[in-house]
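Below you'll find a set of structures to go through.
Both of the next two complexes hold subunit A, though its partner changes from subunit B to subunit C.
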Partner chain A sequence: MDTALETGMVVRRTRRLGRFVDAYGQELVVTAALLVLMAVAGTVNRRFLSETNLTSLFSGNAYVAVAAIGMSMVIISGNIDVSVGSLIGVLATISGTLAVKGYPIWFAWLFPVLVGVVVDAFIGVLVAYARIPAIVVTLGFLSILKGGLISATQGAWIANLPPGFFIAQFRVLGVPSPVYFAAVLTILAALWMRYSALGRAIYAVGGNGDAARAVGIRTKPMVVFIFALNGFFAGIAAILFGTQLQVIQSTVPPNLELNVITASVIGGVSILGGTGTVVGSSLAAVLFAAISSSLIFLNVSAYWLRAVLGLMILATVLADMARRRRIG
Partner chain B sequence: MTSVVELHDITKSFGGVSALKGVSFEVRAGEVHALLGENGAGKSTLIRIIAGSHIPDRGEIRVGGELVRFSSPRDARRRGIATVYQELLLFPDLSVAENIFLGNAPRTRLGAIDWTAIRAKARALLDDLESPDLDVDAKVGGLSVANRQRVEIAKALSQNPRVLIMDEPTASLAQADVERLMAVVRRLRERGVAVIYVSHRLQEIFELADRVTVLRDGSYIGTRAIGEVTESTLVSMMVGRSIDQLFPKSEAPRGRTLLEVRNLAYRRAFREVSFSVRQGEILGFAGLVGSGRTEVALTLFGITPATSGEIRVDGEPVTISSPRRARDLGIAYIPEDRGQQGLIRSQTIRENLSLAILDHLSRAYFVDLSKEAAHAREAIEHFGIRARGPEMTVRQLSGGNQQKVVLAKWLGAEPRILVMDEPTRGIDVGAKAEIHALMSRLAGQGLAIVMISSELPEVLGMSDRVLVMSRGRVVATFDRAEATPDAVGAAMTRASPEEGVA
Partner chain C sequence: MRLSFRSLLRHEAVLAVLMIVALLVLAHQSDRFFTTANILNQGRLVSELGLVALTMTFVIVTGGIDLSVGSILGLVAILIGVFWKAGILLPLAVLLAVCVGGLAGFVNGLIITRFRVPPLITTLATLALYRGLAEGISESRSVRGYPEYFYVLGQGEVGGMPTQLWLLLAAMIVAGVVLGRTTFGRATYAVGANETAARFSGVAVDRTKVLIYTASGLVAGLAGAILVSRVSTTRSDMGMGLELDAITAVVLGGTSIFGGRGTVAGTVLGLVLIQALRNGLALAGVKGDGTIVVIGFVLILAILVTNIFGRDGDG
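And now, the complex of A and B:
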């Protein structure tokens, strides 16, 4: 074969590879980290790779990945939501209460999702139209939702849930349903953000709001819409979270909002807005579920988990800054 | 005369991209040494090395003959090198005096900050800069750009520097302020300060500089005494080729009136503004910074909808309530500050180019990526955007190429009326000529163009008619033939419309 032609093809191929790495760098890093971690943990302790463990690992944390989809959109648009953990707690409680009170099961699943959409759309209105920074609005909602929930329920356990209620325990072809939810929603959201005009606009609003407005994007309704979507994903996450055990504790899962934000950031969403993908954030949610599980299998104290996560956030942000500096 | 600062064979690269290749440079006491080059030529890197914020990979720096190594701007300051950067680094919530002495405030014997001394010294420095009107207790945030710059210069002078570096000091100043600034620079030179003056404006360099050093693509091209060079030799040193014409104005056939504005007003920013633009016509807006020109553009584009008056597009009365509405009426706006309003710097060229026309590029709700990529490749070629390809992020481009992306983005939407605010600010000469040529071509294709510019040669060189604004009103209008620098310049400082001027 003509060597010149061959080199040309190699060059073209490596260039294309380089572009791929540039565009999906963080997703590749997270995937690689995940594979390395599983290999190491699996070598040290066979049981880590057992079907039971992997199943519980993936399905038990799928709700974080689902919530991280909405969170990523919010962060990409240049905002943040620190109230998502409290909202998930409230919505799971609403769902369980409805089911126990004898409402149809489909209603107990659907209604909390609607509540999530309405609450977060309201947050969006405060951010976009009252021009209160998102961090302030959602800090307020974190307290309102958390405080309201504890006062109303005293953190009581909801038991005696009807048998058909536990959607997170359903299996299709042996795979638990949360895995399908997380995978399908991630793929749909990723396609939507990459290929639809509206999805593009999220990046534009977060990248430069003034410029986005100048090209005719209606930035205010856009922000409300993004928060409403975030409420939708929080609603789905709440159902997956609330139906994974036989009982629901009507309280807010500790540190949940931080886990969700961490997943987005480690997945490559810039905390400054404008860049990142939901594929990255979902992969990162899986990654740190795997980390927490592997620490147990490696006999490392669970307290190390938070420290490890903290280090990962710093490493990610440093890598992101280094990449930006290189690009200039 | 001896050199104050001498750089020898300086090389610097960033992540494999070389910014300076063996550059030598020296500046003497009591001279203004201009540093000239297109964007990306390495001027900023060079002055940052002299100022101690970049460390060269190779090469020597001597200050007063002594070999030095700067590891931070602090080291350079200690050696008497002060810098006034283009983007002013001031604290808006602190007073003028506080800003000037931040970091090296005079102390009383007890170690407390000596406020009396600070205020007195700040006053003396500002008086020296011919700014007796600037209050040392005023908050910097409320000052005009020109006044903020004076504060920045006073800050630099407070350290009694031997070398003062000025990075494009006139880029955002109005003509009158430019002259005041030049007077200050001359005075510093008389006092024996070595001034390194970076500017794109050749006219200023000829008025001010003693010598000029030209860089191109990170390489040293040459140093000349100002008497030995002409504008065209400098330009060809900068771009490596000669540019035929900086203002390639061609006569375009006039069509019907596309935009007509009567008694337009927005709050207190401007009032009683009336004008019209026809197809094929370029209407230039001259005036001082703050005369209300940009505000008129923002109103035409619906960012600040008019509070009174009438706008007609193609004869039809319209209300322009949002940028979206303006876009749908066929109006495009190229903003003054492309970083702020024109571009999404974190996105690729392709994504930026398609933002205004996503509807056209979409099929059944989803963006057609192959159509989008084709559009981007076509625009890159058509507008001569120098980039590796459509997937390059916009922040990697030079200023001129970023501006071409903004233009390409809007022209993709096929506007009928183009409003351009300072279309070539901060852009190097080569790209400037290309953008001017493009404007002529667009007018030839029947667009109506409104161009706001603070560069008088640009206004006079490109406009068919010149409208002059002052203090929020239109004070004069000139046809191309009547628009002389003197007449337009005089109108710019006039307070009210003169009788008999059409």
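And now, the complex of A and C:
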């Protein structure tokens, strides 16, 4: 074969690889970090890679990954939602209450998802039509939902849930259902955002609102729709969160909104809007879970867990900024 | 200058009306509400949040945000206990710990300006980091039994007024003058309104930001010292959620979350409204969690009303 042609093909192939690295850089960084971490933790302590630990690690944090899908869409559209943790707490409590009160179990699963969609669509209306910045609206809703939940329940535990209720404890082929939920929803959302016109419109709204309007995207209904989707994912996350234990503690999981936002951002979603993928955010949610779990296996005192996590977040962010600057 | 209907509906005016209505309703609910003792006590309770909200106003006017203030407060609180237990003279221990707060803020500022990481992300990461340091250092043990004179700061009175309320009032005046009457204040607005334009106009954008984030950490540290003195103990979960309360006060006070617009007077009004609601509703028999709900509604309503009536066109 002609050597010039051959060189050309190699160059093209490396270029394609380069483009792939540039386009999915953060997803690759997170995956690499995840693999290194698992290798190190697995070498130091065999039990880290045991089936029981990995299963509980993935399944117990799947709800964060699911919530991060909706959050990524919101952030890509140039908005933010700090109320998602409170909403998940409220929806899980609604679900448990319905189940205990004797409603059909399918209704106890579906109704909270519907409530999530309605609440977040309303948030979307306030953001898009009343022009209140998303961080202000969701800050308000954080207070309303959290305060409302604690006043209504006093943080009481919901016990005596019917046996068929615990969807997060179902297993298919030995793998707990939350893993399937997170994987399937992430893949579907990623494909939808990559290849459908409506999915692309999310990027357009966040990338440049005026330009999006100019090409005929109705940005205001779009923002409402994106928030409604976020409510849908929060609803699913709430069901997975609420059904993983035998009881539901009707309070807001502390810092949950920050964990979800962090997962999205570390996964490569730009806080400035317009770029990022849900694959990255779901991977990052898994990475966090793996970090927390591995620290225990590496005999790091539980007291230092959050500090190490904070350092790792910071390191990932700085690495990402360096990479972006190199790309220019 | 002619007073138009629109100018009457400026955000601060909306807020003032809202506040008067709230105060009247609350005073009607309880005889204790408008007593000097109650008002002074409320001033004592709101001091830590008030101090943090003042520097948060500067941060938000530059178009940034500081989510790490609650964690810095917790870290400083823990360090006061640790330094003192290590045998350092208490006033020196407090000073040292508060300086660490300033250092924490300085680190935020460096990451934001040198590495161009957006403030939300930077302080989200340091929120976890600083709280994590507090937890790691303290190992969830609390330090109590400080010498009596330390409690003057948080529990004592000077001239009939709680000590920290003097501090808060002084800080309000300083913040108001700096933001409204100095070159530094103008630079702060310029950075928030249009950073590129500010840079080209010769404003030292990065230095302004670093100074503001450092001040934010320093003041959060001071608030930590006051809180330790007020409640006589240190715990690593101190100041959790403080960042959201401070942002609420600032935004309620009419500071635009996008930067470039806002006043210290507005933040003070926002603070008074929040604390009056908390206290008044508590006196009227509403539990603490119900109060959070009301504050959430008031935040959204206040911005909504301003948006509907108070804006000249888009913007």
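The rule is simple: the second predicted complex is superposed on the first by the 304 of 328 C-alpha atoms of A that agree within 3 Å, B and C clash if a C-alpha of one lies under 4 Å from a C-alpha of the other, contacts with A are read in each partner's own complex, and residues count from 1 in each chain.
Operating definition for what follows: a residue touches a chain if its C-beta (ideal position, glycine included) is under 8 Å from a C-beta of that chain, and two chains touch if they have at least 3 such contacts.
Only a predicted model underlies this, so the values are computations on that prediction, with no experimental measurement involved.
In the superposed model, A:L142 lies in contact with subunit C only, and not with subunit B. In the superposed pair of complexes, A:S196 makes contact with subunit B only, with no contact to subunit C. Counting the residues of subunit A that each partner touches, subunit B and subunit C differ, and the larger count belongs to C. Contacts of A:G310 after superposition on the shared chain: subunit C is touched, whereas subunit B is not.
By the document's definition of touching, neither partner reaches A:V172: not subunit B, not subunit C.
Once the two complexes are laid over each other on the shared chain, residue contacts for A:G274 go to subunit B alone; subunit C is not touched. By the touch criterion defined above, A:R213 lies against subunit B but remains apart from subunit C after alignment on the C-alpha atoms of chain A.
Residues 325 of subunit A lie at the contact with subunit B in one complex and at the contact with subunit C in the other.
By the touch rule above, subunit C contacts subunit A in their complex via residues 67, 111, 115-118, 120-122, 124-133, 135-136, 138-140, 240, 244, 247-248, 251, 257-258, 287, 289-297, 299-300, 303-304, 307-308.
Contact residues on subunit A toward subunit C in their complex (touch as defined above): 80, 82, 126, 130-133, 135-137, 139-144, 146-151, 254, 258, 261-262, 265, 271-272, 301, 303-311, 313-314, 317-318, 321-322, 325.
Residues of subunit B that touch subunit A in their complex: 14-15, 17, 301, 303, 322-324, 326-328, 333, 335, 340-347, 351, 354-356, 358-359, 362, 365-367, 369, 391, 393, 395-396, 409. Of all the residues in subunit A, the ones that touch subunit B in their complex are 19, 22-23, 195-197, 200-201, 203-204, 207-208, 210-218, 270, 274-275, 325-328.
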